[in-house]
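Letters A, B and C mark the chains as written, and numbering starts fresh at 1 in each.
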């Protein structure tokens, strides 16, 4: 494994019945980079994320995160190892407030179990204060602290997006997976999102990004992987991808680049 | 001598077990049909069986119908109840969770049970055997004609369903809906109608099972729970959704229960059958004949 | 746990203290209801918070009752000790049922617990040597609380206090649990199991633990029941009662433990309101369950709150947006 790689994927395949959702995907994600995965609809990008987070079990292949094998582990173990994600369609806990959602994101930062909670031990109360403070910090960073006590179901779509991002950041992951974070944003909002992602990277987090907005991908990514029908067809820095003829043919050709 | 007595006893248990097993198999098929169409386990399934028995007795005693007509009337009424239940209580729910569906079908089962209790009281009802004539000796055991009829009913129901799902447009459409609802809708199948039809068909088969069992065990308002549970046991034993396996599993369950009752204890008969359910659920949740992967569960 | 819940507990405590003096002809009807409330608090943790269902809680209720009855009558144990043995046995049994069925999804826990409840009822009826069979057995000693034996003529009042003290303690435990990392994780599981898992919550473990805890509530309620009534038989432990408990929780509102208490009171008093209910019981339970589930899925308690909030909104003196608080 390359010394500075945080994630290394080898020969990753996923089949649903006879359908090959992913076939022989390989990538090395260097620590502290923004790494984008692009491809037309049905290219297997979300399946790729699902394999990385234990939502689906890969059919074959290996996934190493910080030199530890991940493939086949349950999701919560992968989360403990330091991977957090957002979802293409928002999956907030709809009966909870904004703050509570972000506090669930802090789950791996705490340790209180059933006995500690029932007895309300002093250690539990200290931990609760600490987590609340951390959660509020994340809300402030995303400029939604004023919504902390609102039920998430009452928020408009864009703010729900932010809550979900805050929830993922609250887990203080080393690797953050963003599944189409710019979907539904206008140009100005996309610009802000790009700045936010770069500032997340500044903090030392590695970001894995699935995105359709090519200008965003080309602007902030250090490295781009292109999938088509589950098969990797190109990998390289944004400029190189933009000039890759295979990529242009299957994907970028249709975009006005 | 004692050996042959032991054999004929065992044969007796097996044959009477087959009759009850046929009932469980039909209840299991009822579970499967609704499960395949909707992913719902209908906890009111046992109540359809009980209602089938009740309406049979009602048709004979109140309307003075001959037995075959009473069976037909009972099956039609209960099928209508099944359809109405789907229309009133299930269809209006928007994106119901599994929890909500469980509670709704439980509510339905209490409602049906309660209504029967109100209308007919807590008496045990019974009726004469559908076929007159003496019991028959088979393989050293004696068996009543009604029990043979029950077994025959299962065979007929199974045969009709095999033809229905294999060769008719409606049956194929239902199978398509079960296999992939979105795809079925895309090719023009009205999946809502399929769901409604599934409830009607499932209720009808349950009612038929309930009707044919009345001469053997009688029927009372509270019989639905156990019939439903054992039918579910058969469905799980065979692997949820698989009708052919459910028939085998239902018969097997009936025989196990009957042999256990005859050799271990009648008091614990029900507990033994239900323990079989728990054991299978825990060891092979995909059923005795199913694959290890619970593919359909992902859709719940 | 928040000011609201603390106020609620204080108000409930005051009501409990005052009730025997305020309504001397009525309060003793709330003894059995208190026992139901205890079961319902546990059940609402399972149903409303973790989103799992048990149709066999009457079996855990029975286990507590019979364990206490048998140990105190046959072996002369102290009720204080017997209740713990009941809890211990319940934990073992709940693990045996919960671990395999909670690995599966949705309907399986419902059917497994339903079958388990039916088996438990059959065993309680058929194992005459242990349980006394259908007629049960009596002469169960009354609970001895701090040397104050709960006997007539003041027995009813003492029993009432004792039962409702247990309810308040049960509420306290549940509220502490809910307003913690663990409680949030449970609610997250209810709203989205996969999303919760991906955030590092071991969903299977949490579901098993909450199932065991809610079974323990039923077991304690069973122990209390045995000593309060002085007599046990299989009657109150049928599957029908498991479903009655579910109905209580849903009527009160499953997403708050207060709903469990409210539901137990409402449904428990229903027979008082409708005389000669015996034959109507099932139909009414079914109807109530259906109507609540279809039209007021949040339950009566939160339903009333929402109604008040709605009418306040409609009225001219609309309040400023205040930060809401959930329990």
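The working rule: a residue touches a chain if its C-beta (ideal position, glycine included) is under 8 Å from a C-beta of that chain, and two chains touch if they have at least 3 such contacts.
From a predicted model like this one, the values you see are computed outputs, not experimental measurements.
Chemist: Give the label of the chain whose average Cα location is farthest from that of chain B.
Modeler: A
Chemist: Closest chain to the protein CA centroid?
Modeler: That would be chain C.
Chemist: Could you tell me the distance, in whole angstrom, between the mean C-alpha positions of chain B and chain C?
Modeler: One centre to the other, that is 33 Å.
Chemist: Taking the mean of the CA coordinates per chain, how far is chain A from chain B in Å?
Modeler: 48
Chemist: Between chain A and chain C, what distance separates the C-alpha centroids? Give it in angstrom.
Modeler: Chain centroid spacing, chain A to chain C, equals 41 Å.
Chemist: If we count contacts the way the header does, which residues on chain C are in touch with chain B in the complex?
Modeler: By the definition above, chain C touches chain B via 47, 51-53, 55, 97, 100-101, 103-108, 110-112, 114-116, 118-119, 122-123, 125-126, 239, 243, 246, 250, 279-287, 289-290, 293-294, 297.
Chemist: What part of chain C is in contact with chain A in the complex they form?
Modeler: The touching residues are 173, 176-177, 180-185, 187-188, 190-192, 194-203, 209, 213, 255, 323-326.
Chemist: Okay, in this complex, where on chain B does chain C touch?
Modeler: Against chain C, chain B makes touches at 41, 43, 89, 92-93, 97-100, 102-104, 106-115, 117-118, 121-122, 225-226, 229, 232-233, 236, 265, 267-268, 270-271, 274-275, 277-278, 281-282, 285, 294, 297, 300.
Chemist: Residue numbers of chain A touching chain C in their complex, please.
Modeler: 53-55, 74-76, 78-80, 84-85, 87, 91-97, 100, 103-108, 110, 112-114, 116-120, 124, 127-128, 131, 148-151, 167, 171
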